[in-house]
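Following are the structures in question.
Two complexes, one shared chain (subunit A), two partners (subunit B, subunit C).
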Partner chain A sequence: MKVDVHVTVNGRPTIWQVEDGERLLDTLRKNGHTEVKEGCGGGECGACTVALNGEIICSCCAFTQQVEGADIVTAAWVAEHNPALIDSLVNHNAVQCGFCTPGVVVAADNLLKKCTCNRHKLGTKEIKDNMEGNICRCTGYIKIIEAIAAAAEEERHEV
Partner chain B sequence: MKFDVVGTSPVRLDAYDKATGKSRYTDDEPLPGVLYGAIAFSPVSHGLLKSVDVSKAKALPGVVKVMVAADLGDKYANNIGAVRADQPLLAYDHLRWRGDRLAIIAAESPEIARKAASLVTAEIEELPVIHTSEEALAEGAPKLHEMGNLADSMCIRHGDVEKAFSESPIILDNRYVVGYQDHAYLEPNSVVAIPGADGSLLLRGSMQAPFYVQGALAKVLKKPMSKIRVQQATTGGGFGGKEDYPNEPSAVASVLAFETGRPVKVIYNREEDLAYSTKRHSMIIEHKLAAKEDGTITAIKVKAICDAGAYLGISSIVAERANASATGPYRSPNVQVDTLVVYTNNAFGGAFRGFGAPQVTFALERQMDLLAEKVGVDPVEIRRRNTFSAGEISPLGDVVEADVNAMRVLELAAKKTPILKELKKGKEAHIKRGIGLAAVRYGVGLHAGGQRLEGSGALVQVNIDGSVRVNIGGAELGQGAFTAMAIIAAETLGVSYGRIYVGEADTMLVPDSGPTVASRTTVMSGNAVKDGCLIMKERLLKCAAADTGRKAGELDIKGDALIDKKSGEIIMDFATLANKAYCAKVNLVANGWYAPDRKIWNKEVGQGQSYTTYAHAVMVAEVAVDTITGQVHVEKMHAIHDVGQAIHHKGIEAQIEGGVVQGMGWAIMEELVIKDGKMLNPNFTDYIIPTIQDIPEIKITLLERPYKNGPYGAKGIGEPSLIPVAAAIGNAVANALKKPVMELPMNPERIKLNLLNK
Partner chain C sequence: MAFLRPQSREELLNAIHEHPGYIMVAGATDVWPKIRRGAIKDADFIDLTAMPRLEPYCDAQGALHLPGSITAGRIAAGGDKMCKKWPLLVEGARHVGSPQIRNRATIAGNICTASPCADMTTGLTPYNPEVKLSSLAGSRQLPLREFLTGPGRTARAADEWLEEVILPLPPEGVFSKFCKTGRRNALIIAVASMALNILIKKGKIEHIALAFGSVAPTVLRAQKVEEFLLGKELSAAIIEEAAAIAYNEVKPINDQRATAEYRRQVCRDFLAAALEEAAQ
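Up next is the complex of A and B:
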């Protein structure tokens, strides 16, 4: 039995027909959003991170039926709307195998949005506290932290 | 030497596509008509398989094919062993571990395939489980294979240890036990097999050794290798875990693909990947060291027992490196090493960054600190007294290379870190601080035992628009191999980095170049790329000479243009040159090749030229141990590495940072809990790996002294970054607690136990 779910994905209104109990991660991937990755399927790694109504979630842990009416943002949207963040990650060599990166991008974009609202300098501790749900096995995290801090600084100077 | 591109840090070739989510990993590729494979694994760790019942699985709507061992018939070979034919693709008779396959299934969706797998039942007579390698070697232990449970062994015989032990005043005889580690690359094992109408096969997947997969598939499918094309898709990490293991899902997918005539994907979930893929070996290391009163080592005797699990896989090759790494950068006139590879019903031992070296390094470097304590000198001084220098005979029987950097990295460590400084006491009395260091001598590339695989190829193609395509036999796992190749190609051809495109590793484009392991890609594939580019450049210059009426020797390509060497005058741009060469019918595809000199090796006594060259490193760790919770906090790490010439600076830093954090995970938190052969924690909630909250401050010091046979002087860095980490942290914890540390991981449970021991 399929049900209709109305959502906005990366700014585009969409109707999905989904199976009962289908995971949001699977629905997204089936509909071409393969930028959302599955690293664990258990809410433990953050590779599947998307923003749902402005809050980051693990899409492997949400049922698509539960997100009726939601606004969903993936890394593909961030790439278009926050190229400075992508540049910063790339320039800091914070991307290695890249499997964690789309999730990192969504979480970092979300954090940067919050911190621009507050207009304060983004410290390492705040970055760590907000990014702890994103596991990266390649980089040792250091370049990810540097990249996010640099992107935040750049944004702060622009405002 | 001054370079144009080498040593700069251009943006990685793959970074934008990966960061924006455009890169396609194996499961991201749309493929019409694709089926999904699943595997019914053994429910027991050891038993006799009487029968398998797949009737319920077959009856499930959406299931297209179910196969058990008997269904392989004569069409396929039921053998997937990487080194030895000891491992069936589908289990029959004897079940030896939980990763044995009872049945394989192809279905219309991954959910249906897994559901069908769960419906497979079997009649099994359970047998007693072998829990440890020592149990396996004990008299009367049940035999896992006809040959018995000692799967393989290797040794080093150098001098007379027993005599030295009887004459030496200091003897340190200890036993070290180190646990498994899972690679936890973020993308689980993933492959897709696409059958061709003519009986050929295209296999794409997440892997580090496409040529291994090609060879394994030819065997299983009983087809000529010419009909099997293996391409490495964008790969979400490997660390050794995707060296030989991908042979298994690849074979499953390929057999199902031929049986159904449709493409078949096999995508592991995290639980399957954690439970059934290969692991860093758990080892027991008995280490006996003798020294004179001043701390000069007189003898080292090591017995290292590697738990291989139920099948050999490539454990012999891992053990070979453990064997050769047991004495580190130290001189010892008398050495006896025995490395045993043992069959058990436990997890499957395999390749993992460091390849057997981290385990023996932990034991050796702990011994060095205990020796320092005994002698009453500091940890740097004890190593200074024992580190060998150029021209000496090493315990492996070879002459230490003239440009050896072992002492240089040690002195750098001494100079740049406060090894001896009194550490600040924690504010709270229950926080104990400590500092420790560890050294490593890493043989870059394959051990002499595997040197037949060392040759590496590259393909260099110049197009008429002046763009350049490069393919290598090595794989891009995330480490940045392709970017390094583009830098080397740009430097050699005299063109800009942006002109170079590096295509995916493909068995049909480049000759067998061995596996992407052993930190060998920069040196081996890098030299092959350089060779191909030099051939190409020579052709282009010859053509330019004819065209311009000048001598080839007076011309060069630099800055994307043909120039006059002397005056620097720009004669034409690179694209014009390429186009001219094409019109002059110059072959614009060149094959590069590199193979290091043959090494002489005597396996019987473990003496000879083990490796082509060595990279040295010293790691310093500062820790704070909470004696109430047992938690170890690694506060600072200082990594000092001999890298030859850095090809990509930021890339090297990133490799080191990643290696340090992964090594720290193994040292203090990662533990595979195995009970009666079954992994009890196959998820990231219970198998804990470092998060962003756990990382230490990392300082990096590079010793850049070009290596004469490396491309532009480069050496490998992937593994040396991890190998000494656990040893350094172990020494720091021992220093903090003033108690011996004999086991890994140093998780809170073990630290608390350690504190309770008198």
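Up next is the complex of A and C:
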């Protein structure tokens, strides 16, 4: 049986028609949000990361019906609204094959938002802790961490 | 397939009464990997996430009541009081998976999965917590120790919902230590973990509660170590003996993550280091 699920995705109110028990990751991809990637499918790699009501989650570990009424942000939204973060990742060579990047971008944007709220300097340890759920097979992480730190510094000077 | 979303406690209790075979789902961080592995097939679900979000509170005796639906992320962020009075609970929650997982993983899911390596369960155990189970027939309270009956097995009846976890106030001045080791924090299973509460008064051990994770069929309460240490004074010799008892009391297995022998050694060393710290 098909059911309606009401969500706001990347700022746009949407009604999804889904099968009972459908996975959020599949619904997103079926509805054109192919920037959300499936890596492990088991909650471990973070490629499928989206922000749900301001908190990052793995969309491979959620039922679509569970997000009724929620606000969802994917990497596409971040690309549009936080170009400084994207530029920083590119400039630091923090993107190689790019498969992990949509997840990294959502998790990093979420972290930066939390920091601008309390305006503290973002330390390496804090970045690492927050990016713990995002596996990258290519970059060795250092470039990703440096890119996020640089983006945070830039933001701090702007506000 | 059915996917029910009860909106209130009453609707939920009715739903599990009518459909005791349906699987309850909260954060789904255990349920989805199981679906994927084929361990859950052709199932119907009762979703707990449409219910009102409840907040933790302390009762007149000072005991902490946690709603089953509270996430590891919420606990890990702690409040002052939670961090001060029940630090092992907060530490246990901080060790669950990654931020993505913690934002979904509930304490009831962690307990009901009944995995020997469940970190929140390990952190809770030294507080002698009780779980409140509710069904249409009413509620009952059970010590967590009796609730966990084996790997993946609990004393929950099919129509019971884990509504609350209740943590008594630990004795004033207790020293707490949580340790965990594994290949990668964000991976599901630890090599071994330990949660210790110890109170030393006038040199003597007045209270001790010790739990180990990942080294027995359930989270293990190390009663032999506790019995040995209670009333003793901590010295280098006593610490060594206690650590040796721990080495023998844990019942680990070999798996792809570590050998049983390595797990025993980790438990022994965790305990020795924590007791040395407590003695200072």
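The rule is simple: the second predicted complex is superposed on the first by the 159 of 159 C-alpha atoms of A that agree within 3 Å, B and C clash if a C-alpha of one lies under 4 Å from a C-alpha of the other, contacts with A are read in each partner's own complex, and residues count from 1 in each chain.
Keep in mind that, in the parts below, a contact is a pair of C-beta atoms (placed from the backbone, for glycine too) under 8 Å apart; a residue touches a chain by one contact, two chains touch by 3 or more.
Predicted model, so just to flag it, every value in this text is computed and none were measured.
Asks: Using the superposition described at the top, determine whether subunit B or subunit C touches more residues of subunit A.
Replies: Counting contacted residues of subunit A, the larger count belongs to B.
Asks: Using the superposition on chain A described above, determine whether A:Ala107 touches subunit B (first), subunit C (second), both, or neither.
Replies: A:Ala107 contacts subunit C only, not subunit B.
Asks: With both complexes overlaid on chain A, does A:Lys37 touch subunit B (first), subunit C (second), both or neither?
Replies: The first partner, subunit B, only.
Asks: Touch test for A:Glu132: subunit B only (first), subunit C only (second), both, or neither?
Replies: both
Asks: What is the contact status of A:Thr74 with respect to subunit B (first) and subunit C (second): first, second, both, or neither?
Replies: First partner only.
Asks: Name the contact category of A:Gly98: first (subunit B only), second (subunit C only), both, or neither.
Replies: A:Gly98 contacts subunit B only, not subunit C.
Asks: Quick one: is A:Thr49 in contact with subunit B, with subunit C, with both, or with neither? Answer first, second, both or neither.
Replies: second
Asks: After superposition on the shared chain, which partner residues are touched by A:Ala62: those of subunit B (first), subunit C (second), both, or neither?
Replies: A:Ala62 sits against subunit C, while subunit B stays out of touch.
Asks: For subunit A, which residues belong to both interfaces, subunit B and subunit C?
Replies: Dual-contact residues (subunit A): 41-42, 44, 129, 132, 134.
Asks: With touch defined as at the start, can you tell me which subunit C residues reach subunit A in the complex?
Replies: 1-3, 5, 25, 27-29, 32-33, 36, 45, 47, 49-50, 73, 97-101, 103-104, 185-188
Asks: Which subunit A residues qualify as touching subunit C in the complex?
Replies: 3, 19-21, 23, 41-44, 46, 49, 52, 55-58, 60-63, 65-66, 68, 107, 129-130, 132-134
Asks: Spell out the residues on subunit A that touch subunit B in their complex, using ranges where they run on.
Replies: So the residues of subunit A in touch with subunit B come to 29, 34-42, 44-45, 47, 74-76, 79, 86, 89-102, 105, 127-129, 131-132, 134-145.
Asks: Inside the complex, what are the residues of subunit B that reach subunit A?
Replies: Subunit B residues touching subunit A: 9, 11-12, 14-25, 27-28, 183-188, 234-239, 269-270, 477-480, 650-651, 653-654, 656-662, 683-685, 689-693, 695, 698.
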